[in-house]
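Listed after this line are the structures, all set down as structure tokens.
Look for chain A in each of the two complexes below; its partner is chain B in the first and chain C in the second.
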Partner chain A sequence: MIRPHDSIIVQTLGRFLIPVVQIFGLYVLFFGQYGPGGGFVGGVILGTGMILSVLIFGHDASRSQIAKKILHGDGVGMLIYAGVGGLCMIGGGEFLNYANLEIPGLETASRRSLGIVLTQIGVAVDVAVTAVSIVFSLSAEEIIEDSING
Partner chain B sequence: MIFSLQIPLLLLLLVTAAGAIMVKDLMSAVLLLGTYSFFLSVVWGWLGAVDVAFVEAVVGAGLATVLFLLTLFGTAPKDTRFRRPPPSLAVLIVFPLLGLLLLYAAKDLPEFGDPNSPASVHISPIYLEQSYQETHTPNVVTSVLMDYRSLDTMVETVVIFSAGIACALLLRRHSK
Partner chain C sequence: MSHQLPAIIFLLPLFAAISMPVVCLKNRHWSHPISVGTLVVMVLVSIINLYNVIHHGEIRYVFSGWSVPLGIEWVADGLASVILVLLSALALLGVVFSRTTSPKALGGRIVHYYTLVLLLISALTGIAFARDLFNLFVFLEVAAISSYALIGVAGGRALFAAFRYLVLGTLGASLYLLGVSYLYAVSGTLNMSDLAERLPLLLHSKALVGGLLFMFIGLGIKMALVPFHAWMPEAYTYAPDSVSPILASLVTKVALLAWIRIMYWVLNATIIINEIPILVMVAVLGALAAVIGATLALAQREIKMMFAYGGISHIGIILIGISQGNQTGFAGGVFYLLNDAVMQAALFFLAGVAYCQFGVRTVDDLGRIGKQAPWLIGFLVVVALGMIGLPPTGGFFGKWYIILGALEAGNYVSVAAVVVSTLLTLAYFVRLFEAIFRRGTTPMEVQVVEIPVSSKLTLGITSAAIIILGLFSAPIIQLLLDQAMPPRL
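So, the complex of A and B:
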């Protein structure tokens, strides 16, 4: 179990840094099509922001509740990714062939661009949840059981 | 100007890697490993692999260090010093020979950035020329990873997912 850090410097800096880290993670996630970055890095940065709040404010702080909540979402990222593939099959093409996404008014290249965005969100969700989940597994056994059963 | 930084950078890489192996305190070893990842990400950026540099900086220097530290605190809370046995004779003979063999083989690798190397004549030109028209994605790395090689990336996501599940199954069962 991780207790809150008692240094006021760490707490104040954490309060300032965590939102910046989260915004930067979202930026990296959605800017991955235009520059360096993408789903994997964006997901890791998002997860790291939540891990930072757990490390600074402890498991029980209200700031760490979101990290505790998203533990239930293990596998949602996989579902998003495979779901996009399934939608492509429903559209009449191969699995994960984004050109077959059934969205009216979009040409093929834009459909593929949209498919890339959607699958990147899937990867990011999966990576962020897994990072937070591994940190919780390593640090707090009792807390996990309580939050899942209770 | 950038080229004058190459040698110090590679030296720092070697020094931090050797330090992470040699140092007695496990905590210092973990932090040195994080520093090593940071320098490695600078080297990736210098080689032009910006996406790889980004992943190395975030995962190697950030997330992996936290995971190592948590493991360290969970297993050896009081004394993080580590007594290492001296290397055996076989290690001292085999590893320099292996290094020499790899150096000998590296002579046959193509030049860095050689346009006629096997890797850049097969399918890369097609990706570089057509990926923007086909996917409207300026970053070719992203379009290759998420579109042309989408199935591979999905299986990588499955790997990450199963790593999280395996950690949960192994580590979370001692409670109650």
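So, the complex of A and C:
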């Protein structure tokens, strides 16, 4: 069980810092197409933002709800990834061959670009969920049990 | 459509596994029907795939459309397709069996339990198809991590066994990865067929020898080859009764398949590196495993432990078969692999029923079953015939072809090892039956125990399969000889 941090400095800073961290995470995620970055790093940063809010505002605060909700999404990231791959197969190509992503009105190059972005989003979601769930299971085992048992 | 078959077979359990936590969020009881349904479809697609490979040749599949040395290549050849049919069928039986035997303490985590089982199955599919050394490593790790979690699920002593497996398994995976990186450094490629072309020019390289050694030791740990088998009996004994059939019949066998791939498809197995003939070395390792495993099985008190050591000795027999350097031995080895997977599954189903319904864990307790469930003893007799290798079971024909191959190669030590191991197997099954039929055991009050239909079904199908594999051994061996031979044998 993580209690809220009692320092006002940490609380105030956290209020400013967390949105910045999240936006930076999204930036790294989408910038991965053109330079250093990508799904894994972006996911780690997104996960860090959520962990930060849990550490600063405590486990029960309304700001931590998203981190608790996201725990159910273990498979969602993988599902996005495999779903994009499956769409490529339906389009007639190999698994993850983005050129066969059947989206009308897009050239091959844009299809490839879109495909990579989608799979990277999947990767990011999974990495973020994993990071958050590691912190939760280290801090309080019974909470995870409860949230899984509904 | 048919060129997509390898990917479809792999994606079926993967999709089911990753959508399971979402789909079963509200209703956890859906997890079992979903798993069974997925695996039924997987069996059907595997059979279609085998048919397709037999009639239209092997399927080469390259992920994301990158051409071969760069992209990750999967090949559905005869060997992989045959193994896939076996794998999916045994996985289906294992999941059906786990309906009544899965640990009650799991509660809501039952969803994650089935997720892990399906993940394990998709990873094993990946190992069977992969023709890329690093891709093989990834799937070895996915399979291993799912099995650590599945073994530890029961808690108690299983946690210790799972931790031991985790340490040794991670060591094995690291050694394999180290070997892959050596090979990559020397040759600059990870694709198996590409590597096979480049290796003959690099045989003088010490890095190559070191890398191969690391890879074989790593895979040896994964498949519980004798000096590295310490993790296996405890892990399979203390694993929940519902998963040990899947683990025992599939995980070590598929690691052995990876060994065969590297030995024959990457390396030309008949070559001699630094005056060390690989085939002779593997044959000696196999002989040691066959004899030592069976000897240790003779000394066990717990039933599951005895069966696990039996599995270790059979790994040795399969290795003897594939290391004779001729087609007869190789086909016999692969045929014995198929049989052994079925027999291990049957043995652990039996052990699971014996414990869950009759509370029997050790050999001495077995006397209790005799009066209550004669049909259980009947199944045990069939499996024992297969394990010992008496006709008309598949075990007999497997050993027969292995011995024929060894005689063809003039390798009499191998013949002796198979025979000795067979005699030891006979000895430990005699010990088992002696305990069952011993007079003077205090007859327990006969209570009517309801055996679940799912357990009867799985036991019946596996026992029948042991006989059927024997009766149809000639066409299966012919199929293996036609379709599943390595390129240079």
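Simple rule for what comes next: the second predicted complex is superposed on the first by the 146 of 150 C-alpha atoms of A that agree within 3 Å, B and C clash if a C-alpha of one lies under 4 Å from a C-alpha of the other, contacts with A are read in each partner's own complex, and residues count from 1 in each chain.
Everything that follows uses one rule, which is that a residue touches a chain if its C-beta (ideal position, glycine included) is under 8 Å from a C-beta of that chain, and two chains touch if they have at least 3 such contacts.
Please read all numbers here as calculations on a predicted model, not as lab measurements.
Visitor: Based on the shared chain A superposition, would you classify chain B and chain C as clashing or fitting together?
Guide: fit
Visitor: After the superposition on A, what does A:Gly86 contact: first (chain B), second (chain C), both or neither?
Guide: In the superposition, A:Gly86 contacts chain C only.
Visitor: For A:Thr12, select first, second, both or neither according to whether it touches chain B, chain C, the two together, or no partner.
Guide: In the superposition, A:Thr12 contacts neither chain B nor chain C.
Visitor: After the superposition on A, what does A:Gln33 contact: first (chain B), second (chain C), both or neither?
Guide: A:Gln33 contacts chain B only, not chain C.
Visitor: Could you look at A:Leu55 and tell me whether it touches chain B, chain C, both or neither (first, second, both, neither)?
Guide: first
Visitor: Looking at the overlay, what does A:Ile45 touch: chain B (first), chain C (second), both, or neither?
Guide: First partner only.
Visitor: So, A:Ala109: does it touch chain B (first), chain C (second), both, or neither?
Guide: First partner only.
Visitor: Using the superposition on chain A described above, determine whether A:Asp74 touches chain B (first), chain C (second), both, or neither.
Guide: A:Asp74: touches chain B and chain C.
Visitor: Tell me which partner touches more residues of chain A in the superposed arrangement, chain B or chain C.
Guide: The partner that reaches more residues of chain A in the superposed model: B.
Visitor: Treating the CA centre of chain A as the corner point, state the angle out to chain B and chain C, nearest 10°.
Guide: 70
Visitor: Thinking of the overlay built on chain A, is A:Val135 touched by chain B (first), by chain C (second), by both, or by neither?
Guide: first
Visitor: Rounded to the nearest angstrom, what is the minimum C-alpha distance from chain B to chain C in the superposition?
Guide: 6
Visitor: Of all the chain A residues, which ones make contact with chain B and with chain C?
Guide: The answer is residues 74-75, 78, 82, 85, 95-96, 98, 145 of chain A.
Visitor: Per the contact definition, I'd like the list of chain A residues that touch chain B in the complex.
Guide: Against chain B, chain A makes touches at 28, 32-41, 44-45, 47-48, 51, 55, 74-75, 77-78, 81-82, 85, 95-96, 98, 108-110, 112-113, 115-116, 119-120, 122-123, 126-127, 129-131, 133-135, 137-139, 141-142, 144-145.
Visitor: For chain A, which residues are in contact with chain C within the complex?
Guide: Contacts found on chain A: 72-76, 78-79, 82, 85-86, 89, 93-99, 145, 148-150.
Visitor: Quick one: in the complex, what on chain B touches chain A?
Guide: Listed in rising order, the residues are 50-51, 53-55, 58-59, 62-63, 66-67, 70-71, 74, 133-139, 141-143, 145-147, 150-151, 153-154, 157-158, 160-161, 163-165, 167-168, 170-172, 174-176.
Visitor: Considering only the defined contacts, which chain C positions touch chain A in the complex?
Guide: 4, 7-8, 11, 14-15, 17-22, 25-26, 61-65, 107-109, 112, 115
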